[in-house]
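What follows is subunit A paired twice: with subunit B in the first complex and subunit C in the second.
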Partner chain A sequence: MSFRIPQNLDELAAALREKDENTYLCAGGTDLVIHLRKEKKFHYSLIDLTHLPELSQITETEDSVIIGAGVTMTELEQSPLVRTWIPALSKAASMVGSTQIRNRATLGGNVANASQSSDTTPVLLAYGAEAEILDGTGAVTKRLVDDFVEGLEKTTLGEREVILKFIVKKQHVLSAFAKVGARKAVTISKINGCICTEIKEGCMMHPVVYLGAVGAKAGRARLIEACLEGQTLSGCDEEKIRDAVYAQIEENIPNRPSKHYKKSAAFGVIDQILDDLRRAEEEAGR
Partner chain B sequence: MLLRCMINGEQIEKETEPTKRLLDFLREDCGLTGVKEGCSEGECGACTVLLDRKAVTSCTVFAGQVMDREITTIEGLEQNGELDALQKAFIRMGAVQCGFCTPGMILSCKALLYENPHPTVEEIKRAIEGNLCRCTGYEKIVKAVNAVGEGEIK
Partner chain C sequence: MDTNKSDLKYVGKSYIREDVYDKARGKTKYTCDRQIAGMLYAKLVLSEKANADITIRTEKAKQVPGVRAVFTHANVPKIPYNPHNWSACLDAPMDQYILSEKARYVGDHLALVVGETKAAVEEAVSLVEIDYDEAAPVIGLNAARKTEGMLAFEKEVSCGDYEALTGDGEAKDGLIVVSTEGSTQKIHHSAIEPHIALSEIDENGNLVLWTPCQTVYQVRYHISHLLGIPYTKVRVIKAVMGGSFGGKGQTVVEPACAFATWILRCPVMLYMDRQDAVMGTRSRNATETRVKTAVTRDGVIRGRRIDADIDGGAYYTNASAIAMAYCKKLFRMYHVENQTCHVRTFYTNTISGGACRGYGSPQAHAVTEVNLDQAANAIGMDPCELRLKNIVHPMDDDPTGGTNLGNARIEECIRKGMEVFSWKEKREHIHEKDTRRYAYGVGMACGAHGNGYKGAYPEFTNVTISLHPDGTVEVQIGIHDQGCGTVMTMQQIAAEALHMDVYRIKIHEADTFITPYDAAGTQASRVTYVCGRAVQKAGEQLLDKMKQACVEMYQWDQDKIEADDGILRCEKEEKSYKQIALDYELKCCRYMHTELEYEPPSNPGTYCCAFAEVRVDKYTGQTEVLDLFCVHDVGQVMNRTLSEGQVEGGAQMSLGQALFEEISYDAKGRVKTKNFSKYHIINAPDMPKVRSIFVEDGEPDGPYGGKSLGEIAAVAPAPAVANAINYALGSCFASYPITPEKVVAYLEEKRKEGN
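Right after this comes the complex of A and B.
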């Protein structure tokens, strides 16, 4: 059993080279510690990811925002860069767990755990985010988040791979996120969603809509996108949107008993997001 | 593993099992039993401590992860025999009943006041949304923190 605390990427790659199936990568630990205890696992090795400065920064280039995989939900919520360029991500992070959880839980962990209720994944998917992934040879590759997250706690990341950072292209869009859980705060999403849309002459153009927790993995809601295309934020046709949302949920989970309440919950989520987008549009116009 | 960290202002080095939870390390190895175990799932906040001045649930942190970090538990708030303003306020406002949630509750509030010395009631409520109290109904707790934020209790 070993506990390694790599301090730089060379040490991390070296730790990955020796990693076996009984070794876990640990960032915030908010899921892993509980999971290992639930599974009654007591003998394992760990690679700590919280002592790597490379993983804990948010930076920008001319065309992208780059977020370290070890950046916490609190940092995402407070970062001016994230609030400016990816407001939906800042909002999603602000709604994860409690203050204590947000102070530890990381973006990399939220994505790599691949829970169907992940709050940040729908946002990263809506923005077409990429991730930089390090393997045990020290090689770094780039992959779309959409290509390696499978949902239901599964990804196609290799045994000896770790996410280093996420790259989100700067886009001139408005975005917002909302969720519904069993209670108002400190809650796991029963359903969540993100809309990311261009606005031209007051109309939504090429809106990208993702819904989470209605299937193994957050999925693109093309029926809702088609309905929103060309609509103004101030004069949305509520009935049409409700029909599109209900049809989308029916398509996603036709055989689940939960589909009945998820239809009205999903409409509530989309309605809330459109409200937030309206506010963002007003602020942008000021 | 020889774990090196700062606990309540004192630099320590202790041989411990790094895959232990921080909660167990503090209680069993350091004798700091002010850290309470509640739900063991990061939900109730009874085990809240400060890690580099931020509130975290010590039941979801591995002991080895606090290498070279700074931890504060409820035992570390008192200075030279005098209680912290928050502790005084909790006593004066009747914000302590059974007391089990109190250490975690006070540390969540302490972290809030480090970042925001004059929080609004809404900000106080958000800071303690991860700390469950089954006795007080929260009203007196919020009033106690508010009294410190407003400078009424020092």
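Right after this comes the complex of A and C.
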């Protein structure tokens, strides 16, 4: 058993080189501790990711917002940069778990844990986010989040790879996120969703819609996108949207008994998101 | 009542409990915070299968460094017990051992690991190898009804003749018969502190055990019975408790803890985690109810038949007690000439039933109160008016021969509630708030509960009360504060009786070496009504004795002595209590104390009604309780802040029953809701502000007119919310919890019909 606390990327790479299958990466620990308990692990090693400045910052370049993998949900919720450029991410982060969980849980952890109920993943996917990944040789590669998240707690990340940061292109879009859990707060998503859309002359153009917790991994909801394309936020055809959402859920989880509930709940999620977009549009118009 | 309410100086006031400062600052030492030199930790190994013969291998577990022992059924005394029996004089069947010889539910106690550190114990628990030879489990009431030999208890209680009234299903005399079917779920008590016990052997060879329990005498009886140690060598001390709600009412972990200490001759702390507590302790019994109410067109309930099946779980525990508790309340709420209640309790391969705040009342009223709203609907009458036409009245008799209902003030509760909640206006206009997405509704419901065991089981308590030469008063009585402020309540009652400062009175909690015997412990809503009255009477007795002493010592005129704030006065002379105690010992050669054995003369009903406003999201199926207003018939409030707290906490549990909570099992009997990420209790964002008022008309035999509150507070909000949802949607939900999934399924069905 060992506990390593790398202070820079070189040390991190060195730790990764020595990492065996009994060694875990630990950032917030909010999923890891549950996992260790569930798997009845008593003897293991940890690599602590909380002392790496590279992982804990939110910065911007001319065309991107860059979010360290160790940024917490609370920081995402409060960051002016994230609020401006990726409002849906800020909203999603604000709805993860409890205050205590949000103070520790990180974006990298939420993505890498690859739960089907992850709240931040649908947003990152809707924005086409990329990640920088470090391996044991010290090499850094860039991959689309969509390419390595598989869902059901699986990714294609290698045994010796770690996410360093996320890169989200600045886009002139409105976005919103909503979720339905068992309760208003401190709740795991039964279904969640994100819409990211351009608005031209009051109409939604090229809306990107992702729904989470209706399949192994948050998935693109093309039937809903097609339905929303060109519709105005103020005059959405409610019944058409309902039909599209129901068809989408049927397509996603045709054999799950939960589909009956999730159809209606997903409609609630989309309705809520459209409502939030409407408000965002009004604010932008002011 | 002997005392006029306006004369009360201490009772009814919002005194601050003495334990809250440390609790609020996190300084209180709960059992899990304690350390005794040489103390070992212990954890139970719970069954992962619902019905199986078992073979256990402990070799690997024993090899973990620091592990001292791994016990199985082979090691424990082959003596059965029933953890529900709170006294040796009770006779509910004894069918379980300290560690089971067979797995009868997921959570059954199969082995006990004892070690030097928690880490060693946890690892060893995971290494205890259990081979399960599985048989098909019986999960749920439906399966139990179809399986032979699962009936544990059956009883029919009735008055009048319901069958004659309705004939063969044909309603006579223009009666309308309204039927409702519904169910209530298994509920975990969700005390913050999971079950725990700590034991050691003291310098005199006594077994000492600290436990956050509800009845030390019950725990003592079980330890003595199981380990063959005389009562006189078993000291059970009620520890500071992080909540119980009935969950720690039965003996659960104490025998195994005591056994480990007795065998290993070491202090042992047996602890559970949340999963253990959810799966391996007790739950509120699940029930299924069918109710038929025969009502006249002008709203008189002529008859009612209730058939209820109760899921008793894997062991007998409270199979008969819960059935009788369920039954009895239904005869003490409404005046129904012809009523039959037929109850059956079944064994299933799930967690056993136990006490849970309200003991049968939350189940009994859950479906019947929805049925009453449906009946009101059927005859076009306001649900409050229907209830007002049929409720019991003060000093009514129990039609089944139970104790008199006492000063039953449910009518006043309903009338006050209607007025303050603006019931009629809201009922008429609530739908005007509806939007395309949200439906609004208001609903109400009533509940009844008791005040102790009089009429059913031995019911008495003992008090010793002493005035010390420093002017403080010490009260010894076997109470167990579960966090609801029982100690403060007793302080206030004693202060009232003795006319002295609340904070100069010390109430010991139960300790079998210190407090005198109490018949039944802190359960059955008996503490304020029975123990409180005992403290009042003992206090009055002591004051009389003090006055007598003054007559003797100072030659005062007995009729002219007055007590006020720790001083006795006679005309111009006065003596502090302290001085009296000192003088009494010196001059009379005795200590100023008194003893009392008290048996209550009655067991009246206690009543409540709740009014709820809800908003149902028709898309997500989620129900939000926007307003909850509760009215309780408490006779006399003991401590206003604590009373309001009880109503709020009771509402939190009842709303959980209504909307969220359920220990759910899959077909194999595995628990799907092992911890709070899946077992949802209402948290602060979902909790409405609970408004409460109290009807205080005085209960003749209660302490200063008081009666029970803590349990009944968890009864009416659930059916009130069900009725509000039904009013919002036009539905007839009577199966709890009313989850978003159920609401959406109902609305989808309706939508399809509409298309």
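Definition applied: the second predicted complex is superposed on the first by the 286 of 286 C-alpha atoms of A that agree within 3 Å, B and C clash if a C-alpha of one lies under 4 Å from a C-alpha of the other, contacts with A are read in each partner's own complex, and residues count from 1 in each chain.
In this section, a contact is a pair of C-beta atoms (placed from the backbone, for glycine too) under 8 Å apart; a residue touches a chain by one contact, two chains touch by 3 or more.
This one's a predicted model, so the numbers in the text were calculated from it and none came from an experiment.
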{"item": "First (subunit B), second (subunit C), both or neither touched by A:1", "value": "first"}
{"item": "Which of subunit B and subunit C A:25 touches, first, second, both or neither", "value": "neither"}
{"item": "Which of subunit B and subunit C A:114 touches, first, second, both or neither", "value": "neither"}
{"item": "Subunit B versus subunit C as contact partner of A:186, first or second or both or neither", "value": "both"}
{"item": "Contacts of A:58 with subunit B and subunit C, given as first, second, both or neither", "value": "neither"}
{"item": "Shared subunit A contacts, counted only where both subunit B and subunit C touch the same residue", "value": "185-186"}
{"item": "Complex interface listing, subunit B residues touching subunit A", "value": "1, 18-19, 21, 40-43, 45, 48, 51, 54-57, 59-62, 64-65, 67-68, 108, 111, 126-131"}
{"item": "Subunit A contact footprint on subunit C (complex, rising order)", "value": "119, 122-123, 126, 436-437, 617, 619-622, 624, 660, 677, 680, 682-683, 685-686, 740-741, 744-745, 747-748"}
{"item": "Residues on subunit A engaged by subunit B in the complex (per definition of touch)", "value": "1, 3, 5, 26, 28-30, 33-34, 37, 44, 46, 48, 50-51, 74, 97-101, 103-104, 185-186"}
{"item": "Subunit C partner contacts - residues on subunit A that touch it in the complex", "value": "40, 42, 180, 182-188, 238, 258, 260-261, 263-265, 267-269, 271"}
